[in-house]
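Both of the next two complexes hold subunit A, though its partner changes from subunit B to subunit C.
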Partner chain A sequence: MSPAPNRPLTVLTVCGVGMGSSLILKMNAEKALKSLGVDASVEHTDVSSARGMKADVAIAQGLHTDELGSVAPVVLSISNFMDVDGLRRQLDEALRAQGWLE
Partner chain B sequence: MSKPVVDAVVGAVATDWRGAVHAACAPLVTAGAVEARYPDRCIGIAEEHGPYMVLAPGIALAHARPEDGAVRLCLSAAVLSRPVEFGHDQNDPVDLVLAFGSPDDASHLELLQSLAEHLVDGIADELRLAPNRAAAVQVLQRVR
Partner chain C sequence: MDALEFIALNLFNEVSILIGLITAIGLILQRKPVEDVVGGAIRATVGIIILFIGVEVFTGGLASFQAIVASAVGLDPPESTNSLDGFLGERGSDVALVITLGFVAHLLLVRLLRTRYVYLTGHLLFWMALVITASLVQVFGDLERWQLVLVGSVVAACYWTVQPLFIAPMMRKVIKSDDWGYAHTSSSVAWLGGKLAPLVGDPARHDVEQVRMPRRLSFFKDVTVSTALVIGLIMVVGVAFADSQVAEAQADAYNPDVNPWVWAVIAALRFAAGIAILLYGVRMFLAEIVPAFTGISEKAIPGSRPALDAPTVFPVAPSAVMLGFVSTTATFLILMGVFAAAGWFVLVPPMIMLFFVGGGAAVFGNAFGGWRGAVLAGAITGVTLAFGQWLGWNLLSDTAPELATLADPDWYLMILLLLGLGELFSGLGDNAVLLTGAVVVAIFGVWVWLLKRLQGRAGDGMAESETDESASDAPRER
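Now for the complex of A and B:
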């Protein structure tokens, strides 16, 4: 367990192209994080660019998550982009496991 | 900002996912909103990265980058007469393929935000139930 970062959480949403699904993920992640009361800055990008980036949490489709282990300590895999509640639950669980959310 | 080009195909016939992507992009190509190479780029990206465009059970969103031949902001939907497999481990088969194009990295932000909200609110089923192209276009035009 590590203490909550003393700054907004950095979240990266990733897809193959960096324009469509990653953008929808970004909007859903912002909604979910807001409802969890987590101060976060969310950016979206394509998987190639993501490899050179660092974040606290990376969110992507399952087909990309294997490639994101070096990008963030927490990598969440999403299969249904319409399921904001599901994403909220995944974030809640992961942030608690990290000790970033009590 | 200029209004997006919006169109739809109801009862589209496709034998595989590549055909489904072409079906969704076809009205955009016809309208000149994307170049003829655009659907092939959408397919090429999926061949390289996997079925990135499958967003939810039964729903795909085909798109490529501005430099891949997107001319105008545009959005279309193809409701397939028979669903096809995209090779997605959880969301196959797909019977609704949406396609969008954006001429730059910013023009589509509002459109996609609106699309995401409408998808959460059930616009996919409204499109699936649309009796004809005009009705489907009317549904899709709410996405702004």
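Now for the complex of A and C:
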């Protein structure tokens, strides 16, 4: 499943209730994606709702990644919520592996 | 005059529209394009409307739960003269103003007092503002709006400023860095758990990784699932012991054709659904407001650190989180039985708080006492939430008693502080609320001064301090 070249990527950040940490994660993911030059729309949500959604990339802490099922072909597990550079590296690697980033 | 009255009644009294306006202003201040401003304002407004619908469903579910369990154990269901949705209808727009003005005041305090941490846990900006407003209305009754909003925002600003600061030395040990602070209303039990944990265990000898948590527990991390399961189980057992007429009446109110047993299960699922809707609404308006707050604070206070929600510490010790959750829930359920047997009160297991507060406190407990510390911190949380719920329900019975079942430990302390001071100054008439506000400012002012002295002495000023009395030898990440 490769995104069409002229469609923004859809990214989902997930946490337990979908209010606090996933929102911070969303803002940091937006920063990271912007610095990679990737056009993307980022949404945040809780684990239950995420399972009914579809996205290109899902980002959550390790505690929740197992629960995400087949939400997205790329699932990233993060451990430091404030580490934008680390997230950027993870995104860079994963997007290149999918052939979504030249 | 007519125009002003129109604006006051139709814009500033309608919380959803007020939140929409505040969001629009925040987005305009960030120079967002017009489609973002319009879209953001509408999403925030709709978010509030969804929140209200969720509160209605939740409150109804809560009433059924209390009726059934009360009948099963032979108690009277808890009484109140108002409810959360009633209170939000009357005072919701004041809450919106308390969040906004309180956050601005918080930024000023962080900047002026150089306390470093900006409180960015959005839903707790909302809930704390709500708890403070409810407490002030509860004790002072029909307050003038300006007094309520002024005192409410000042009290909220003090709390948001001091809470991340007082827990900061511990937090730096927990996450082994100073990238962010801890902004969560579980701070009191997290602190207590951290302080008492060394008495029961040692972080190295009783490493939490020695404990294997059963894989089966993992679905409990989903609070929608755990709420439906735990409440459902209690409901079914409740119906078995409840007066059959009470159960019939409750089931009939939902649908006369439905059997009470089936209704018990549906009621539990609706209870979980109510919370899910309520949270969806909160999430929707926060998604618009928090980025605006963050943008403003980054510009206004360079060098500040964000203070963030409890799950941001979960990756440090995921096993401790599960252990804390189990320990908190077990403690709470045991106390639920004790309360029922003693005829005190009908407790409602608040699964979200049992998970997040218990889990957060357990991460602190684990950092200072290994798995034993985590279990202890969980047990402390369970006790606090049980007694707090009982106390909180009675204290807020004229405003929004449901806040007590959705509450975190710091909420109870805030309710006690405000109601205590209000009671103390009750003879002073109109000025009592202002005096209460002034006393809260004084208490928090002295607290900040002490914290800065203690934390500053241990290190080289706040910015560089590796504080707390027993300096850690863990490497600092910079």
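Note that in this section the second predicted complex is superposed on the first by the 96 of 102 C-alpha atoms of A that agree within 3 Å, B and C clash if a C-alpha of one lies under 4 Å from a C-alpha of the other, contacts with A are read in each partner's own complex, and residues count from 1 in each chain.
Rule of thumb we're sticking to: a contact is a pair of C-beta atoms (placed from the backbone, for glycine too) under 8 Å apart; a residue touches a chain by one contact, two chains touch by 3 or more.
As the structure is a computational prediction, the values presented were derived from the model and not from experiment.
**Q** Quick check on the superposition: with subunit A as the shared anchor, is it clash or fit for subunit B versus subunit C?
**A** By the criteria stated at the top, subunit C and subunit B clash after superposition.
**Q** Once chain A of both complexes is superposed, is A:N28 in touch with subunit B (first), subunit C (second), both, or neither?
**A** first
**Q** For A:V84 in the superposed arrangement: first (subunit B), second (subunit C), both or neither?
**A** Only subunit B is touched by A:V84; subunit C is not.
**Q** Does the superposition put A:A97 against subunit B (first), subunit C (second), both, or neither?
**A** The answer is neither, since A:A97 touches no partner chain.
**Q** A:H44 contacts which: subunit B (first), subunit C (second), both, neither?
**A** second
**Q** Thinking of the overlay built on chain A, is A:G20 touched by subunit B (first), by subunit C (second), by both, or by neither?
**A** After superposition on chain A, A:G20 lies in contact with both partners, subunit B and subunit C.
**Q** Just checking: does A:Q61 make contact with subunit B only, subunit C only, both, or neither of them? Give me first, second, both or neither.
**A** Both: A:Q61 reaches subunit B and subunit C.
**Q** In the superposed view, which residues of subunit A touch subunit B and also subunit C?
**A** 15-21, 23-24, 27, 47, 61-64, 79-83
**Q** For subunit A, which residues count as touching subunit C in their complex?
**A** Interface residues on subunit A, with respect to subunit C: 15-21, 23-24, 26-27, 44-49, 61-64, 66-67, 78-83.
**Q** Residue numbers of subunit C touching subunit A in their complex, please.
**A** 120-124, 179-180, 218-219, 221-225, 276, 279-280, 282-283, 286-287, 290-291, 294, 306, 308-312, 314-315, 318, 321, 352, 355-356
**Q** Could you please specify the touching residues of subunit B with respect to subunit A in the complex?
**A** On the subunit B side, the touching residues are 45-46, 48-53, 55-57, 59, 61, 63-65, 88-91, 100, 102, 105, 108-109, 112-113, 115-116, 119-120.
**Q** State the interface residues of subunit A toward subunit B in the complex, per the touch definition above.
**A** Result: residues 15-21, 23-24, 27-28, 47, 61-64, 79-84 of subunit A touch subunit B.
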